[in-house]
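Heads up, there are several structures right after this.
In what comes next, subunit A is part of two complexes: it sits with subunit B in the first one and with subunit C in the second one.
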Partner chain A sequence: MITQFLLVKTFRLILLIAAVATLSFVLVSSSPVDPVDAYVGAAMLRISPDQREVIAKRWGLDRPPVERFGRWAGQMATGNFGVSTIFNEPVLSVIGKRFITSFWLMALAWSLSGALGFGLGLIAGAREDTLLDRSIRLYAYTMASTPTFWVGMILLMIFSVSLGWTPVCCAWPPGLSAEQATLWQRLHHLLLPAITLSLIGIAQITLHTREKTIEALRSDYSIFARAQGESTIGIVFRRALRNVALPAVTLQFASLGELFGGAVLAEQVFAYPGLGRTTVEAGIRGDIPLLLGIVLFSTIFVFTGNFMADLIYHLVDPRLRKATGAIS
Partner chain B sequence: MLDIQDLSIRFTRYTFGLKKKETCVVQGLDLSIAPGQVMAVIGQSGAGKSLLAHALLGILPRNAQVEGRVFFKGKPLTPERLSTLRGREIALIPQSITALNPLLRVGVQVARAARLSGISKKDAPTTVNRAFSRYLLQKEVATWFPFQLSGGMARRVLTATATVGMADLILADEPTSGLDPATAKEALGHLRELADTGKAVLLITHDIEAALKIADMVTVFCAGTTVEVASADDFKGLGQLRHPYTRALWNALPANSFIGTMKPIERSPNTTGCPFQTCCNEQDAVCGHSTPELKHSSAGRVRCHHA
Partner chain C sequence: MNVRHFLIGVALPLLLVIASGCDRQQKVSADTPKTLTLILGEENTEGFDPTLGWGSYGNPLFQSTLLKRDADLKIVSDLATKWELGDGQLAWTVKIRPEVVFSDGSPLTARDVAYTFNTAAKAGGVVDLSNLQLAEAIDDSTVILRLKHPDITFIQHLITLGIVPEKLHGPGYGRKPIGSGPYKLVRWDEGQQMIVEANDRYYGIKPSIKRLVFLFSTENAAIAAAMAGKVDVLGVSSNLAGQKIPGMTLHVVKSVDNRGLMFPMVPDTGRKTPRGLAIGNNVTSDIAIRKAVNYAINRQALVDGVLDGHGRPAFGAVDDLPWDNPEIRFKDNDPEKAKAILEEAGWRDSDGDGVREKDGKKAEFEILYNTKDSLRQGLALAVSDMLRPVGIKAVPRGENWDRIKDELTHAFVIVYGFGGHSPLEMYKLYHSNGPEPMYWNAGFYVNPVVDNYLDQALRAPSFDEAIPLWKKAQWDGKTGISTPGDASWAWLVNLDHTYFINQCLDVGKSQMEPHGHGWPITANIDQWQWTCK
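Moving on to the complex of A and B:
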């Protein structure tokens, strides 16, 4: 059963990648970005139309779109994502490096918002309609309707500009390379962007967990637990925790897509050289190989998040575990 | 063991913004039960039977108000006292399998009930094992999840959960609903056994025939009010029954005349008088404006102007 589950998921991933690749190729082909212009950049004025044609021909730009797509897809399938025109480096190595930088930011923000959001949601749900619950809810609703970049700017103004506690930009001190920076320096630079992302990310998981907690506390099994003399705290931690955590974990994994989107904005505000910022650069400067590479990479990233959510559900929920044959 | 006098339960609801509306669901409810006795509480659905069990345990929703005098083992049952008795001296056998957490193993849930009833951590496993074997549940059932249980097994697990401690008063809420006759008989048998060991069992049900098989006494509810208290023997024939509502219930049984076209009786907020008046054949002017007292009548009690 578990192999069937994996097979179905793999098949879906292949379908998804094919669909995303086709769609993004069509979009890029019909966009006003001219790959040759993007490639020659500032040297544009010094290049004759003949030379341009040579480049276009060498790249196969004179061929019909379907044939171009076929050749591109064929190269992608063998793992050749091309060379980034702005970094002059293979796309995969650019994505790899930038993703590692982003990964720590996203991992920190993701675990912070997950843990804090779940905790706050539990408290709010267990203390429904008290002042504490109202305050938590007010915070969550405010954050849910606040743009990431705005929070980033406010934090930057307070902690970096006025107080000077945190650096103003980048992932490590300017002038050093990634390898030269100490772990502490990198953490120091990571702090503010990660907090920005967490503050926003907390909202959804808090509100969701709160709803689930209230629902659990009103369920038949909680009423029965109360009849056995269990306190509210006892019900929340000894009885309902798993029932509340299960959907929360799913939600948290499924929110990887939003996290990625949030990271693009936060990295832009903090000039943090992660994958999100690279995406913006690739888009603005017309680096098509890199842009397409990032699109496909983020597809896999978001798919992995959803896949993990599904997998955890199957492993933790006994009803589904039985269906997948993991328990007798 | 338990003595309830003039219990009422009201719910406050907000309708249309801030307009408060009070609904009285139970009023003038009297009930008493002795050790070793099975007291059946019968009435139509909506008569407030399950609410009674929840009110006794203090687990009604927050918008409910309970008034009246309740004595447990001779002393008034205050909310403070109740919070120490719940699960230790008063236990509930709930209505359905949904009372078990679907994501926790059965054994864990029974063990937690044992711990809450005051059994030490050291003794809990043996007590749970004993409860399992008492209800013919195999050891491996403890590692199962509720969805793996059959209906009868679930019922036995619920009974085991409620009786794993040493509670003296057992509230059984519709223990036979949704069970096939053989399983229902088995569930009722367990309740009788509990009463025979000296516990008091409150059997809440709408199934009169099933209740009469094991009950010593029967309390009849109509629209949240006690209308009759009778011994189980009184139900052998129509003549012994005191209240017209009880007689109507008796008549509705398949084994008897099987006349059953009674509308569900609801308590409207402004009506005075007997709760049964609208459906009663013996109704007259006095029934409309005064609620009858619960009078003693031979070995039982009855709330009727004409009894």
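Moving on to the complex of A and C:
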């Protein structure tokens, strides 16, 4: 059964990748950004039309789009993602380098928002319509409607510029190498971007968990438990928690896509050298191989998130574990 | 664990650690003043390979060049000891300085020079060596660069192309550059910083600052970092130069980074380029309009108002460069003269609406600028105000940059910016062009006399002998590209490039900088020194 589950998932992933790749390529090819123009930049008067052709040829832009896509897809199938035009380096190596930096940012933000959001949601649900609940809801609604980069800029202005508590840029102190920087220094530089990202991520999971908690508290089994003298706290932790956890897990893993999008903005604001900033550059400067590479990478990333949610469901929920036929 | 326990047990130690962490960082920067931290704008994401164009805007830093320009932009020797143009201006013979080694200790010979030029010609980077026939090493110390056709501006490549070692050069070179320049790359954390140390094997005067850290960040983050005392040299746009940053002084560098109005020179007859772009404008094709615009504008007011005083009036594309012709200067802010020119050409305001007309068409055109560029917007708005009193209606309009260059460039007045260290730029802007010129003479300007001077200048036997010809193309007493002649552009201002530098740093005399703010200030970085104890 588990093999069938994996097979179906793999098949879907391949279909998804093919669709995403085709769509992205069409979009990127019809973008008004001329990669050669973006590359030449301020040197435009020194570069003759002949030289522009040489540049276009180096990148294979002299061929028609359909042929380019065919060649790219063929190479892709053998695991060759091509060479980034703006970095002049294999796409996989660019993504690899940047993703490691982004990974820690996203991991920290993701765990923070998951733990805090779930906790706040439980509290708000358990204390429905109290002042506490209303404050938490106010916070969640505010954050849900606030753009990441704006929160980032506010935090940067307060904590880095005015108070000087956190650094203004980079992943570790300038002038040091990655190995010289202590774990503390790296965390210190990670702090503000991660908080920015998680502040916003908290909102969704809080509101969702709150709803589910209220639902659980009104269920028959909760009322029965209360009739037997169980306290609200007791009901929340001993009865409701396991029921509420399931949707929260789904939501948290499904939020990987948003996390990725949020990281793009947060990294811009904090000059944090991760995959997000690279994505922006690839887009602005028309680096088609890199942009497609990143799009595919993020597709797999988000897919993996959803896949993990499915998997964890099966592990966590005893009902699903038994009903093996329900797997798909 | 109750709240009080939490505060004492976790939060308090955490706060202490944060406080001590900040403290320690400040101490490090105070104890090691020898490291210089710079934020000079964008990172060269492609790496540091001169054959792909690294260093063509100033200084390759890790590599050295055959020639270089001194603080007065005079061409002086670097790797080359002797350089001669011969064989009907088709061959540069260059003698290489003996005993130069790359930073890994291997010798630099004429073979490396030939390899660098030949490779750059084919590499498809931002170096245009399409005029190079072949570079060949005659012996260890002599290289001959053969050209396809005479072009004196080829000397710019001798000035900017950093020489790479043939043995070590390959696809990964840009990330591990080995060269013979004053500095060598220690590490590059992409997207974040570049650490650079003095090259002990450099053949020139060893730089006194041994370690440099270049940070790559946005302008806002850069200023925040400077406010926090973490930066020693910082390039800022002139509208941000007014603020005070503790411990730093403002360093202002003159530039040929100019802005001006490009005029379509031919009437709109429905003609199109092969790609289908419209050509010409019926108002600006009249020389009286172009001259009136040039005389009516108050350039000093533009400098004071739009650039906050950080600039100087521009009268041509090459102001104050060695090939600038001083005779093209004229008295501007002269609306009376502008009016007289218009009257004489038959532009009169007969219907009393404040806009002149002639043969049924109004003296009216749009000035297009890149919407994202507030400086160009400011110039367009101010110029429009200055032209209204003389009876010319110039309507400023912001446009998407891609649309400007891909659709509108041949039929509209556009605020453009140029400015480079090579007279090649003047040639490209004013020589009669091909059918699809893009930026090269986008206004379709043609003057056979000017063409002749420009062509002669290209064929000149030496750079110095070309200079009088470049000057004549601007104005020879009868005609030329400048305002006294055909008034093919209305140049407005030359920007100043503004930098905040640590008050303990002496950066010497900076070169007049080209278009592009930031990296060019490093042209003399090997002479910078710390002045405080």
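Everything that follows uses one rule, which is that the second predicted complex is superposed on the first by the 288 of 328 C-alpha atoms of A that agree within 3 Å, B and C clash if a C-alpha of one lies under 4 Å from a C-alpha of the other, contacts with A are read in each partner's own complex, and residues count from 1 in each chain.
In this text, a residue touches a chain if its C-beta (ideal position, glycine included) is under 8 Å from a C-beta of that chain, and two chains touch if they have at least 3 such contacts.
Treat the numbers as computed from the prediction; the structure is a model and nothing was measured.
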Comparison of subunit B and subunit C by subunit A residues contacted: C
Which of subunit B and subunit C A:Arg12 touches, first, second, both or neither: neither
Touched partner set for A:Arg134, first subunit B, second subunit C, both or neither: neither
Contacts of A:Ser177 with subunit B and subunit C, given as first, second, both or neither: second
Touching partner for A:Ile55 - first (subunit B), second (subunit C), both, neither: second
Touched partner set for A:Arg71, first subunit B, second subunit C, both or neither: neither
Touching partner for A:Asp37 - first (subunit B), second (subunit C), both, neither: second
Subunit A positions touched by subunit B in one structure and by subunit C in the second: none
Touching residues on subunit A, where the partner in the complex is subunit C: 32-34, 37, 39-51, 54-55, 57-59, 86-89, 97-98, 101, 156, 160-161, 164-165, 168-171, 173-175, 177-178, 184-185, 188, 268, 270-271, 273-274, 277-278, 281
Of all residues in subunit C, those that touch subunit A in their complex: 17-18, 21-22, 25, 28, 35, 37, 45-47, 49, 52-53, 56-57, 122-128, 130, 156, 171, 174-175, 187, 189-193, 195, 213, 215-218, 221, 224-225, 227-228, 230, 402-403, 405-406, 418, 420, 422, 424-425, 428-429, 434, 436, 438-440, 515-516
In the complex with subunit B, residue positions of subunit A that touch it: 219-221, 223-230, 238-240, 242-243, 246, 317-319, 322
Subunit A-facing residues of subunit B, complex: 54, 57, 59, 83, 86-88, 91-92, 94, 96, 98-104, 112-113, 116-117, 145, 147-148, 161
